[in-house]
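Both complexes below contain chain A, partnered by chain B and then by chain C.
Moving on to the complex of A and B:
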């Protein structure tokens, strides 16, 4: 037994040391930093000046940061609903025994393998182009001239343009998770349901849905984490300087830590850390709510 | 037996991969020069010896550049560095970090004690954000009589940015002004560039009458139009005061700017797509393909769009027009440069300064100018690239320096709001008064 304990310590120690160094230390330091005003992100602690909750207070009184929170909430909520609905729909269709399943699965997943920069360029320069764009030509062809005349990247429509482009790429990823969850369900349940006279819709509502509750939880958590870190697409839709319709807390954090646009502006890494703390709290909140609302331990199969 | 063989194989594979992992190998940054040989203490990050010398007897200088190795600037700098190495026997560890690489990585690297001797970036960021890391170059510049063939205005700007002393050397100078398509001006019968706002309106009218859209911009640059116009009225400091203190309604000049641009919008002088132009749509499509005549931008523009315009595009340039009752006229513009600076802790400052001379003087300065369609930094390189010929008189007549966007982007919390509302104003979606009201409301 004694020997075993030594072995346990020996094997666990490196992992523990790395965990403390790579995870715990940065977390503690970030929490600490959020209470200070810090000019450079790597400034020595002696250069920090304590501001208490000043950073948080200032953030919630800055309309641009509040706008960024509103944007991220809309991306998370509206985008989440759309992506989950589409992903689930595709997953159900793909697992229903259709032909060319692998082809469709690959096709829907494809945007995930393409670089976000290439995708954003395609959306901005081609799909949303007000002269010859895909949307313009498509709506013109079906004589919806009002829709054809929309300038998708102006201030009024930019948020929706961003959301559509982003969600387009995300559906495949969540579809795969749903599909693997559905495939795990034994076909016996569906056979039994068919014998009992349940149609496809009833089978979906009363067999599939209850049995993939856990997958829903995974998907919502994954979606929340990626939404909280929403950065690249926002940068691609508003290069150089941020935009009121596409700014997210991560972009705001970047502005605070590394400066904004071409101007040399004041940096405050402490404020950046405070943004990080707020985002983490949001994710924890969503995760807790998910755990409370979606209980998947009541069914065993 | 099989198990033993397998475990032996796995062990070998692990040992090999560990050795490979620990070896210096090729980094993903493109690097020139070699690391120091054994026998001396070496800095793990750079492979440089503590006194800057290596086993061969020469010295090693570490240079972090803001360019990419594939850009024209990167290529010429690489050539200059190669020539320097061949001439002196010293070694240069040249690492191309790219814009974000330098912006995000330089300060943490310097704080961590990475041996970086030389680096480059924008004049204001180097002297402002990284000011405390810079070596004072006054003595080195004096010894080399550097200023004899340097652009006096830019050297003065470098001194001003560093608080009165020379801590950086400018290269790739640039100026921010109106760039226009000379062929479209000719087509509209415009023979002279506008110097005042009323002349500017006349030019716009002539262009429009000839069926040419006079103006466009992109979301990335539209704030410079606002900043320049306001700065012409109340100066750069006045603009900064408005944006940082939120004096949108209190400062009457803001409404004047908005009214001027409302007039441009209502008269149809702006492109119909200006509100939805995401950079680089305005410059690459509208201006470069000859649909629109004028665009307020930097002198890097002809280089950026040269693949779209082709070599025959005739560029014109004029300083932002003067306004009636304004504090600044056409003599004031945002001009600056990329600058090279030396780490104050560098042990090879003199050698680093020599590299600066290779890049910013004579042959390589000229090559940099030609290959990147840029302005030469060496005043003895009097010949400018043809595409920038029209810029020379503008830069030569500029005596007052504005900061970026004439200070309009000095408050990062307001920059996106100015952009949103000014684009709407230029597109005719809101009125001048609504612009002022929106800005006032957002700044509270």
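Moving on to the complex of A and C:
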């Protein structure tokens, strides 16, 4: 038994050191920082001045930050609806017994393994390009001149361009989660439903959907976690610093703390920390709501 | 299960016709993906002039491999590519050495903090980067090592390892839990110490899980952006994601579009090729492990 103790300590220690240095200590310090006014990120604790909830109060009165929150909410909500709907549709098709299933599945998931910078560049410089872009030439070919004339990367359309490109890459992952959930449902349920005369749509609504409630929870949680970290796409799609069309809280925090600062009046690392707290609280809120609203414990299969 | 069925099924017109809308929807989506990648690849072998006149797919002036040579040599792609390769490989190896023992201990032994550590690691997977980056920056900048190239490289690798420790540990943990403990009992009877048993018997047996999680780690580190943006202090240290971003910004002024697409392809190829060969394994890893909890 004593031998086991040394083994447990030796084997766990490296991972725990990393965890404490990279997660535990920084998280605690970030929480602390959010209650202080801190001129420079590297300032020692003695230079911090306590402001209570002042940073949060100031953030919610900064229109740029409120805009960034509104943007991330729209990305989360509208994008989430679109991605979940498409992912579920694809998952249902994949599990309906089609041929070349593994090929389809692999091809749809593919954008997830590619560098977001490379993918966003492809969209920006090719698909949305006003001179030789895919959308322009495609809509011209089918004579939808109104759609062909859209300047996707101008201020009016930039947000939607960003959202479409981002969602395109995200569908594959959520589709995989849905598909594996549907595959876990025993085929007996579907056979029984078929015998009772239920059509495909009825089977989907009354057998598949209730039985993959737990999978919805996983997907919504994962979607919220990735949305909270929304950064690289926004940075690539903004043409100026502090682009109100595409700014997200992460980008705002980056500008606030590390940025050149022409759009931010004062540097305060405490406010950057407060942004982190607000984002984390949002994720926790969504997670708790999901757990409250979707209970899958009563359904065993 | 259903996969077996669909592969062995005889071709039946009526059945396939019913599935036609499904085939159509998936095909349109995939066609779009292929057009996107195919065009970018074609453009990378074309010239800026041909791209702008809409002839990227026709190659009126032949195929221009020199875009790649130019991007590789003069545009710094070789530097960022080498950096990323080095960071990813070192981080992947270190992650296994750090996480496999921890995962094994957590899966096999009962001790007080076990449950607590597991929950902490699972929660850490959902922590946004904003929550950790400020103290890390003040810690690392405070040590005054960001001007030293070697120290900066080491810092980056340390960060890449750290942010992936919870995921790797949890993934391997579920893998070890599924291995039978009969091997350890046999080894113990033969007088093999638990530590030796791990390295000689259990570690090699966990190879499939270790390979899968290493593929994920490689892709994650290769594509990592936010941490690298903040902590990679000079052009010489940047990994591909950040390097490509600054290159694209520069490209807007030089106007070398073919070269830009060539750089995009170079950055995108390693993970893409990895995926071509290992997609089944990657997909099984997503749907099987790492999602419990």
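Please note the rule applied: the second predicted complex is superposed on the first by the 268 of 301 C-alpha atoms of A that agree within 3 Å, B and C clash if a C-alpha of one lies under 4 Å from a C-alpha of the other, contacts with A are read in each partner's own complex, and residues count from 1 in each chain.
Assume contacts are C-beta pairs under 8 Å (C-beta built on N, C-alpha and C of every residue); 3 or more make two chains touch, one makes a residue touch a chain.
Since the model is a prediction, treat every value here as computed from it, not as a measurement.
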| item | value |
| --- | --- |
| Fit or clash - chain C, chain B, common chain A | clash |
| First (chain B), second (chain C), both or neither touched by A:130 | first |
| Touching partner for A:237 - first (chain B), second (chain C), both, neither | first |
| Partner chain in contact with A:258 - chain B first, chain C second, else both or neither | both |
| First (chain B), second (chain C), both or neither touched by A:63 | first |
| First (chain B), second (chain C), both or neither touched by A:175 | neither |
| Which of chain B and chain C A:155 touches, first, second, both or neither | first |
| Contacts of A:42 with chain B and chain C, given as first, second, both or neither | both |
| In the superposition, chain B vs chain C on chain A residues touched | C |
| Which superposed partner A:88 touches (first chain B, second chain C, both, neither) | neither |
| Partner chain(s) touched by A:97 [first = chain B, second = chain C, both, neither] | second |
| Colliding stretch - chain B into chain C, listed as 3-11, 147-155 or 363-371 | 3-11 |
| Residues of chain A that lie at the interface with chain B and also at the interface with chain C | 41-43, 125, 131, 258 |
| Chain A residues within the chain B interface of the complex | 40-44, 62-65, 124-125, 128, 130-131, 151-155, 157, 237-245, 247, 255-256, 258-265, 267 |
| Contacting residues of chain A [partner chain C, same complex] | 3-4, 7-8, 10-12, 14-16, 18-19, 21-27, 29-30, 33, 41-43, 89-90, 93-99, 101-102, 104-111, 113-119, 121-123, 125-127, 131-132, 134, 137, 173, 176-177, 179-180, 183, 187, 218, 221, 225, 228-229, 231-232, 235-236, 249-250, 253-254, 257-258, 269, 272-273, 275-277, 279-280, 283, 287 |
| Residues on chain B engaged by chain A in the complex (per definition of touch) | 103-104, 107-108, 111-112, 122, 124-125, 128-129, 219-220, 223, 273, 275-279, 281, 403-405, 409-417, 419-420, 423-424, 427, 442 |
| Residue numbers on chain C that touch chain A, as the complex places them | 1-3, 5-7, 9, 16, 19, 22-23, 25-26, 29-30, 33-37, 39-40, 43, 51-52, 54, 56, 97-99, 101-102, 104-106, 109, 111, 117, 120-121, 124-139, 141-142, 159, 161-163, 165-166, 169, 193-195, 198, 219, 222-223, 225-226, 230, 240-242, 244-245, 248, 257, 260-261, 264, 267-268, 271-272, 274-275, 279-280, 282-283, 286-288, 291 |
